[in-house]
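Below are two complexes that have chain A in common, paired first with chain B and then with chain C.
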Partner chain A sequence: MSFMPVILWTDALIFALLAAVLALVWFIRRHEHLLAPWRVVAQRPMAMGAALVLGAFVVIGLLDSLHYRERLADSPADAPQYSVEVLSVFDALVSGLRTRQEKTYSAPLAMQLYAKEFIERDGETVRDYPRLKYGGAHLAQADDHRHDIARRALVGLAQGLAVSLLLFGLLAAWQGRRTQMDFGVWLTAWGTGRLGWPGRTVVLILAIMLMLAGVLVQLASGYHVFGTDKVGQDVLYITLKSIRTGLVIGTLTTLVTLPLAIGFGIAAGYFRGWVDDVIQYVYTVLNSIPGVLLIAAAVLIVQVYIESHPEVFDTAAARADVRLLALCLIMGVTSWTGLARLLRGESLKLRTLDYVEAARAFGVSHARIISRHIFPNVFHLVLIAIVLDFSGLVLAEAVLSYVGVGVDPSMYSWGNMINGARLELAREPVVWWQLGAAFAFMFALVLAANLFADGVRDAFDPRLGGRR
Partner chain B sequence: MKPLLEVRDLVTGFGATRVVDGVSFRVSAGEIYALLGESGCGKSMTALSLMRLLPDGGRVVSGSVQLGETDVLTLPERDMRRVRGGQMAMIFQEPMLALNPVIKVGEQIGEALALHRKLTGQAGRDAARALLDAVGVPDAARRLDSYPFELSGGLRQRVMIAMALAGEPRLLIADEPTTALDVTIQAQVLDVLRRLRTEQQMGMLLITHDLGVVAENADRVGVMYAGELVEEGARDAFFASPQHPYSRMLFEALPRPGDGGRLTTIPGQVPPLDGSLVGCRFAPRCPHAVARCRSESPDWQAINDQRVRCHLAGALPASSVRDVTVQTAIPASQPLLQVAGLKVHFPIRRGFIQRTVGHVRAVDDVSLDIQAGRTLALVGESGCGKTTVGKALLRLIEPTAGSIALGGETITARNASTLRRQAQMVFQDPYSSLNPRMRVADILLEGMDALGVGNAPQRRGAVAQLLRQVGLPDDAGSRYPHAFSGGQRQRIAIARALAVSPRRVICDAPTSALDVSVQAQILNLLKDLQQDLGLAYLFITHNLAVVEYLAHEVAVMYLGRIVERGSAADVLRAPRHPYTQALVSAVPRIEPHAGEGIIRLAGDQPSPLNPPRGCHFHPRCPHASEVCRQTYPGQTDLGNGHWVRCHWVAGQP
Partner chain C sequence: MFAYILRRVLYAIPILIGVNLLTFALFFVVNTPDDMARLQLGVKHVTPEAIERWKVEHGYDKPLLLNAEATGSAQFTDTIFFQHSAAMFAFEFGKGDDGRDIGNEIRTRMGPSLAIALPVLVIGLMVNITFALLMVFFRATYLDLWGVVLCVVLMSISGLFYIIAGQYFIAKLWNLLPISGFAGGIDGFRFILLPVLVSVVAGIGSGARWYRTIFLEEIGRDYVRTARAKGLSEVRVLFRHVLKNGMIPILTGVVVVLPLLFMGSLITESFFGIPGLGSYTIDAIQAQDFAVVRAMVFLGSFLYIVGLILTDISYSWVDPRVRLQ
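For the complex of A and B:
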């Protein structure tokens, strides 16, 4: 075998989460009352557009979670030795981006480095901006630069458009067959927005995303689209790799939060009395400790552990991964209080409802009352909290990494990118593209998550039920 | 005479749904016009259309509303604000929700005064006090500085009325103004409205579902069904001979004293108003419907003073006479349930270390017994502790003291599961008593699972049988509660209680959230079940008409204690305790009150936290004497199992 699969902790958890989500989807599909609000979500153009963008992020994140180690080329076949570098399927797909490393900073789409060097030209040593090793290396002379960029952009746009049209045709054919509609009729229905689902928005967003992807692919094959960083690595590659970190923080932290919030919140509201008192004191105390301080302390402890037990971790990636996991855990432990408080209030209300009384009149056990009567009726709150918290956690990671208590410095993350760009912002001329790229991607992810969360909340929140 | 309000062909729609469809009526000054109908018939929507306060998505499609000289529907919103409150004002159903809880009562009234009469400062305060006086709020000057939560329900509703009157409106719209109130308080509030009508020559649009309220207050009546006005006429003519089959069935569905027969029910429910209605809207539920009713919408037909929209107007057979059967007296046997000295006190804790500073005596020394196959009604106003008694009997609330014996066996916390198998409860609100996320079959199975009744296939079979027993379709088990109407939900709740084959069912006002026609169905069902299964009911309610129809015995509760107890006939026909007398006389009735005048109680029920010394009722009692203020009266036996706790009755020969 020419490679060895590596399963990092977070990989395992992410795929476990994926399996759980798929199981939940399967379960929801079989229950009409659970499915109904999702149908409402599916009819909201904004939510569906956001879901598409989120979907693109998730696909990249999942591809980036399939890790492996390559076999060293000169190792014997019977006793293979593997590279210490842990790669992912995503790395393999964009190997060009990863390997084309320059010397140091270069601006987006540039042909030259961002710093002057002594170079030999026609036998003379001059101080000038040297040409890049890869960016624009295919061009014979600098004059073709703009022309080439424009050509590549147009080609990418056209390719994206072509793929979109192809997909649209397939969609129309499939929909037409399914609903027994003529192509023309379907097209009119699509054009006037009478499909029963937001067809126009979905198609439009998809087309825009495909065209953007086309342009990026075309440009990236010849240039560094977002420039390079201090050690000459392609910023586009770093940004794309950061997606996984953001998603892991956003989802795994929630996974830690949920059992705590649901368990404590419902227990406090349902049992009241001393249980309620104890839980309330716990979260009041937890809330009054500055979160950053607690996180910093915990991360430092983990850091010390990692450094004093090097034998436990065989690769640098595994070390960084454990630190990421620890960050998720500690952020989860500090952020369950909000949801728990919400669930406590809701359970306080639900426990006095007649159907809970009726269950008590039958002598139904507490565990059964909670699992059959209370939990299903607070589930919409949990769901709303999950999607709302996601974007907050992604942003929190950026802030923590910036402060220096976030993920491992060797890990690609938006926080680390911003942290790295911090000093360079004082440079003249300024190095802005690292910050810009991290900002653009984070903005897109968080905005999409927030828009999707809005759609979910509107569909699930019974108080907004009448306003649809 | 020119009418004060004239509504012509009003159509209000939510998208394609026409919730009000071509309604026309007029209200003169000094007249009370009652809009009558079941829920979902468009009564409230009519009122909101007049005020132009429709909820989001609703709009007036066509028609005109003429208030005096103004055409309300064409006014710009800026002028409309002056009309609202100034020309016509509205009283809402729920006084707790309609008053802002963080603003003092005086300021809330003052706001309306400043807006419409430009009265501010001392002048505004005086005017506000005068208004509170006018609506009969005692100690008005002090009440101006109260917050709404410091006032009782009746006072709050009066404050609402005072606010509505602040702009000196010519038309007052009262949307179910007394539905949330107790009968004695309802009587007080309706008195205020009637007096205002006479004193200020106001027109009044009274929206209600209660035929009794209409009979005592309205001058003219309009009956609404499915968004349409179907009958209109002067009150006396309407009550003497309702012409529309729907109106007639409303009357017949009402439980009336003295008859033990089955109530007439209106099958089906109000159709959805989504525009696909052909023919008479009542035809699917009408026993007299002919082919023409299903194809052609009937037009107005005049009969003497009445107008009616029915093809068969005037040609309907005379109202059917209900068969009056005498309550079959079941021989008194060994009591199934005996309760002695039941007390439920809730401690009030204050301060840092949660010291108990007092007790709310929700139930204070109640003794009851019920025989198999009989119904005991527990009657009283809200807050008297009757629901607490019901819950304590199931040990849903742990009683503070007292003993509960079931079939001779004393129930303690240890053998509670015996109790749960033998006694079950049906709750008041069918919308909150069924878990919306569970299928009906799972709801019915829950009790059997918890108490281990039978094995799995037996339980499945039992579910099917229960559904049949309460008259639900066989496929109901696989559906969720939201697929059912209020009446059907209450049937599910009854089936759930019956699932563990109890011998005693506690019914906590099971029909108070339902419409009259649905109430009749549920009452019939309860009666049938009692006959078939020999159930004993403890029927907790404030609706005396239902009590008269269903109960064998009645116990009247006041402030946590039973003040009168006896057979239904004795207690309700010849009440002896002054409180029972007031309660019975305060119920609005269709038939004119015979003989004795109506007894109006002053004030409200005191707080059970701090009950008055002596007889709890003495502050409101017209017959109170010195001894009533000193000692709580003992039991006075009047024979035939009828007893009261009253010094005044004891003193009579």
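For the complex of A and C:
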């Protein structure tokens, strides 16, 4: 089946960001003094474990950012028509989750619907819980239910374990060859934590993640692992799709923040005088407006624009995407002030240092002084701010979606999941699985980001380095 | 001292003007009254007459900045800018879409907001400082390490989770407290308990961790070493010296948020049905009531600037050198 690739705005920016990160990694690897703090990060068990979890999220997010539209089967070859539904590579990978739609709510791993219905059984109509169309549909009788779940979970666990053992063997072989160690010697060094990098934690976390993935894959092939939502969609699928939204908001917002914060912050500190006054005035004004209200005002404006220009967007996904991008832009504009203030203070200090004075005495241009002497010396602050802001932004998305000024209601996001499910707690029996899944995944991402940010901050902040 | 305060107050005026111009631009220039009307009346099937009627009803039918048809000073006063933006400096906010006077609404709703926000601030401060001091007392031990990890874990949980879990378990499942609502006087106490508890718990993670770093910074100072050299016990050093000096950055940090307590918390108030300014704001955003949103933007910035001035004053009170700069 042929398809047409679709590049949404956020897709393009995400891959531009990925390219920039890769270029930065390549640059850092060639400079020992830039690499040194990263080596410190790499030695922290918590930071490395968190990085692994983050990596898993990022892979899903990236797969979910390669979009395309399928060709309609009955459209002519010379003038192909494409489906209005924008899918991603990730959707294709988990197409089973996407298409196996039930009628309405069903509990995690259930084989029956949440609500009773009139069903035909043995020729007469009874009121009972109907069987699900897909969840547990392979079972002939309900008694096998528990047994089947346990069996699938064990198989998944074993598969995950097998893959991790295989990876561990490969790792040992590769490391052993690199360090000229015997397998036994390497194994003892690994077991006692004397590898020079937190091997035990990395292997343990990797194994846990693989085993969880194994269990999920096994169970998901026959059941709805996290149940289904109001319209019968698989909650696991929605949660996984929400990862991309969270990542986009966490990263692209910072991307908007950086030029503003770096430009204005350094300019204010370096040039002082009226430049400083103007920039300080601007950021005090922006800071004094309550953030939520500024975001609300701007989002309302974007909404008006989108609704009065329907011809610009060919699909619903494109429309939701523009709103997501606008949200990132607005949050970036409202949140650059903190970092700018920090950079201003640091530049104020740096400009009086001898080497900057010397450069000025030699007649070096301002642009060159800033790029060669000031910026490299404040870069650690920028980096710390990026990783620290990320988790806050992911959490903020949920709150903004609750207020009604977050991402488009049609978009998969944890905020929308929570918002849609929060009133369902009043039902009897309680529909908790949507909330549970959204909070659990959000918690995993934010916790990993926070732990990684801690590691980065400890390694890069010169004030912390000496004392502890 | 007086000259210093006066200077700070005068500096606040251009900032308020800036806020006012920015909100004016956002609400009337980028997003014209026609757009607002269309959003309110529904985008499709809306007639120009309906838009015109909506604008007249809300007083948005005048020119933006300069009224060429009027004469004399009315050229400037009979405009949207003067009647809807400049009037805010006199705290005249006009009427919301429900026809009620916004200024009146703000005055009655400040109380409930404060009834939640003030206990949260005070109790939160005490709880966070206690936890921070405990971690500092056991610094560089496993207790401290796991304390910090626990803080990070608490920080990583969405604020919405605390509220939903608190309401579900404490109010619905165990029936200990009412799930939401508000009442004045002594009777209101049981309504306040749950939101305060939830907000304090939600704030422990970031608060305790932040205060811990402040105390750790103090503990490396010379005067602490002197106190120890005099033979004071560790507990005495912590409470008499470190706590006292660590309170300076903590309290000056609190001063800036003091006026903003009137604004209340958007999420908490909306979940617990507290008739405060936070839920007022959130309702206005959801109903797209632009007059109320504008008023809240102005009020928020005004209170923030008051907070900044108070911070400056408290700094100069703690450290007189600041005044001379």
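We adopt the following convention: the second predicted complex is superposed on the first by the 465 of 468 C-alpha atoms of A that agree within 3 Å, B and C clash if a C-alpha of one lies under 4 Å from a C-alpha of the other, contacts with A are read in each partner's own complex, and residues count from 1 in each chain.
Definition applied: contacts are C-beta pairs under 8 Å (C-beta built on N, C-alpha and C of every residue); 3 or more make two chains touch, one makes a residue touch a chain.
All values reported here derive from a predicted model rather than from experimental measurement.
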item	value
First, second, both or neither for A:Leu353, with chain B first and chain C second	first
Chain B versus chain C as contact partner of A:Pro376, first or second or both or neither	first
Which superposed partner A:Leu447 touches (first chain B, second chain C, both, neither)	second
Chain B versus chain C as contact partner of A:His33, first or second or both or neither	first
Of chain C and chain B, partner touching more chain A residues	C
Chain B versus chain C as contact partner of A:Pro259, first or second or both or neither	neither
Touching partner for A:Gly363 - first (chain B), second (chain C), both, neither	first
Partner chain(s) touched by A:Ala398 [first = chain B, second = chain C, both, neither]	second
Overlapping contact positions on chain A, where the chain C interface meets the chain B interface	467
Touch list for chain B against partner chain A, complex	55-56, 391, 394, 396, 416-417, 420, 424-425, 427-429, 432-438, 446-447, 449-451, 480, 482, 493, 496-497, 500
Chain A residues within the chain C interface of the complex	46, 281-282, 284-285, 287-290, 292-294, 296-298, 300-301, 303-304, 307-308, 391, 395, 398-399, 402-405, 418, 422, 425-426, 430, 435, 439, 442-443, 446-447, 450-451, 454, 467
Chain A residues within the chain B interface of the complex	32-33, 353-355, 357-365, 368, 372-373, 376-377, 466-467
Residues of chain C touching chain A in the complex	14-15, 18-19, 22-23, 26-27, 30-31, 35-36, 38-39, 43, 149, 152-153, 155-161, 164, 167-168, 172, 216, 220, 263, 266-267, 281-282, 285-286, 288, 290, 293, 296-297, 300-301, 304-305, 308
